[in-house]
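The block underneath contains the structure these notes are about, expressed in structure tokens.
For reference, chains read A, B, C and D in written order, and residue numbers begin at 1 within each chain.
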Amino acid sequence: MNGLQEIRDFLAEEFPQSPCAIDAIGPQSATVRYRVDENSLRPGGTVSGPVLMTTADVGLYAAILGEIGIVALAVTTNLNINFLRKPSAGRDIIGECRLIKIGRQLVIGEVSLYSEGDDRMVAHAVGTYAIPRI
Amino acid sequence: MNGLQEIRDFLAEEFPQSPCAIDAIGPQSATVRYRVDENSLRPGGTVSGPVLMTTADVGLYAAILGEIGIVALAVTTNLNINFLRKPSAGRDIIGECRLIKIGRQLVIGEVSLYSEGDDRMVAHAVGTYAIPRI
Amino acid sequence: MNGLQEIRDFLAEEFPQSPCAIDAIGPQSATVRYRVDENSLRPGGTVSGPVLMTTADVGLYAAILGEIGIVALAVTTNLNINFLRKPSAGRDIIGECRLIKIGRQLVIGEVSLYSEGDDRMVAHAVGTYAIPRI
Amino acid sequence: MNGLQEIRDFLAEEFPQSPCAIDAIGPQSATVRYRVDENSLRPGGTVSGPVLMTTADVGLYAAILGEIGIVALAVTTNLNINFLRKPSAGRDIIGECRLIKIGRQLVIGEVSLYSEGDDRMVAHAVGTYAIPRI
């Protein structure tokens, strides 16, 4: 497992303007935060769908970096997301990511997304990543 | 929450030849078993994909019956399944089902599928069900 | 592209009891038929969800065999299906399959499913197949 | 079917900073364009995944507005996207959207995504939208 700071540095270099931060890296897991600001909102006082999709994608990517190392370049091949309820406009989005398959070719993980401080899931995503043959 | 026996009776009447059995019904959850026999197998000594999809679908349906009652007729609108590793040919398939949204119009749940006695997930599914307007 | 008869023979050997037949193989495409009988039906006079999922999976598999040859062993890694309207009980299910990506590691295709003789789509599926490294 | 200008005005008001433009509205269909700029890019000279997801989501939303009117408020409930090949960095993303089910409760559509001027699909998405009970 790679270290949290190492992964943060890598993501900061690769995505310098990303509003996502990695809160934690664990065994086959990661916690990601999307810092919600005015650009993240939709009319009606809620967070936009693309914000939730981005959070899921970045979080799974971080969990993969933690598991297989920051050298490998994982590529998202599939993302399936269900939107369950409206996120709160004034709270960061938190994604709890868990890898459910770590294969040589494919890594698959799921993400439960929340508005910070509220334990009702706002969205659930499953993503697949291809690990390029070296 | 409806009772286990009530749900078993309902499913037995609706799907008289189903190889699926409901092992347990809990709050927003259900455990389902697919009795694997020769018809469930694929060459190479593994369980077929449709068996896993059927298990996920029946299990989520049972969890919904437990939650909103056996009167309502839920209809599957979407099923997304990821196949993670080969199930064992000689073991029943067990699906652990959990509802993650119970709305008036839509119910969404996820299923972790296993070969009985082995804690490595063989597949993961997410299903959406429409609850007809009465 | 491999021949229709060659693919039929291969599938007949691999899945001897399958109710699916391959009607046609084309460039990056296939047409598959599920012979609907009493076992395929659900209460209410419609075809069961697993029948539709099986049709999509077998059809995409056939299209892959037509494209990359019957030697390779493709493994389904993801299937996402939307159920659009009730199929007719008395008609075969027809799946029109089209591959949309043919990579070295992954093949992805989509399937439009119909009740024979009715041009209203009853379901739509997208499937991903891993091609094992040789 | 509602008019193109009416839909453009509605989207411009609802999403004033959106980089998406509606190129065309047809029967149960829409063509959407994401104006790719520096913010849309990823290292390696390609367009980011969230850009593709946003394009699919906005395009389906526009197709729904064209079909059922701009009064109704459709809510995305599911988006499933497959990434097929790298989009070109210097070209707009074009989404060809087609509704495959228009129900009272749910509308489902699919989107083929391209880099402008290149007929190889870069991504394919399927989205489900709930139509609120009035």
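Throughout what follows, a contact is a pair of C-beta atoms (placed from the backbone, for glycine too) under 8 Å apart; a residue touches a chain by one contact, two chains touch by 3 or more.
Keep in mind the model is a prediction, meaning the values are calculated, not measured.
J.: Give me the set of chains touching subunit B intersected with the set touching subunit D.
T.: A, C
J.: Contact counts by the stated rule: is the higher one at A-C or A-D?
T.: Ranking A-C and A-D by C-beta contacts puts A-D first.
J.: Averaging over Cα atoms per chain, report the distance between subunit A and subunit B in Å.
T.: Between these chains, centre-to-centre, one finds 28 Å.
J.: How many angstrom between the C-alpha centroids of subunit C and subunit A?
T.: Their C-alpha centroids are separated by 33 Å.
J.: Using mean C-alpha positions as chain centres, tell me how far subunit A is from subunit D in Å, no decimals.
T.: 22
J.: Quick check on subunit A: which residues sit in contact with 2+ other chains?
T.: Within subunit A, residues 77-78, 80, 82, 128 contact more than one other chain.
J.: Over in the complex, which subunit C residues touch subunit D? Could you list them?
T.: 80, 82, 84-85, 100-101, 108, 110, 121, 124, 126, 128
J.: Which bits of subunit B are touching subunit D when the two form their complex?
T.: By the definition above, subunit B touches subunit D via 77-78, 80, 104-106, 128, 130, 133.
J.: For subunit A, which residues count as touching subunit D in their complex?
T.: Answer in residue numbers: 14-15, 17, 39, 42-43, 49-50, 53-54, 57, 75-83.
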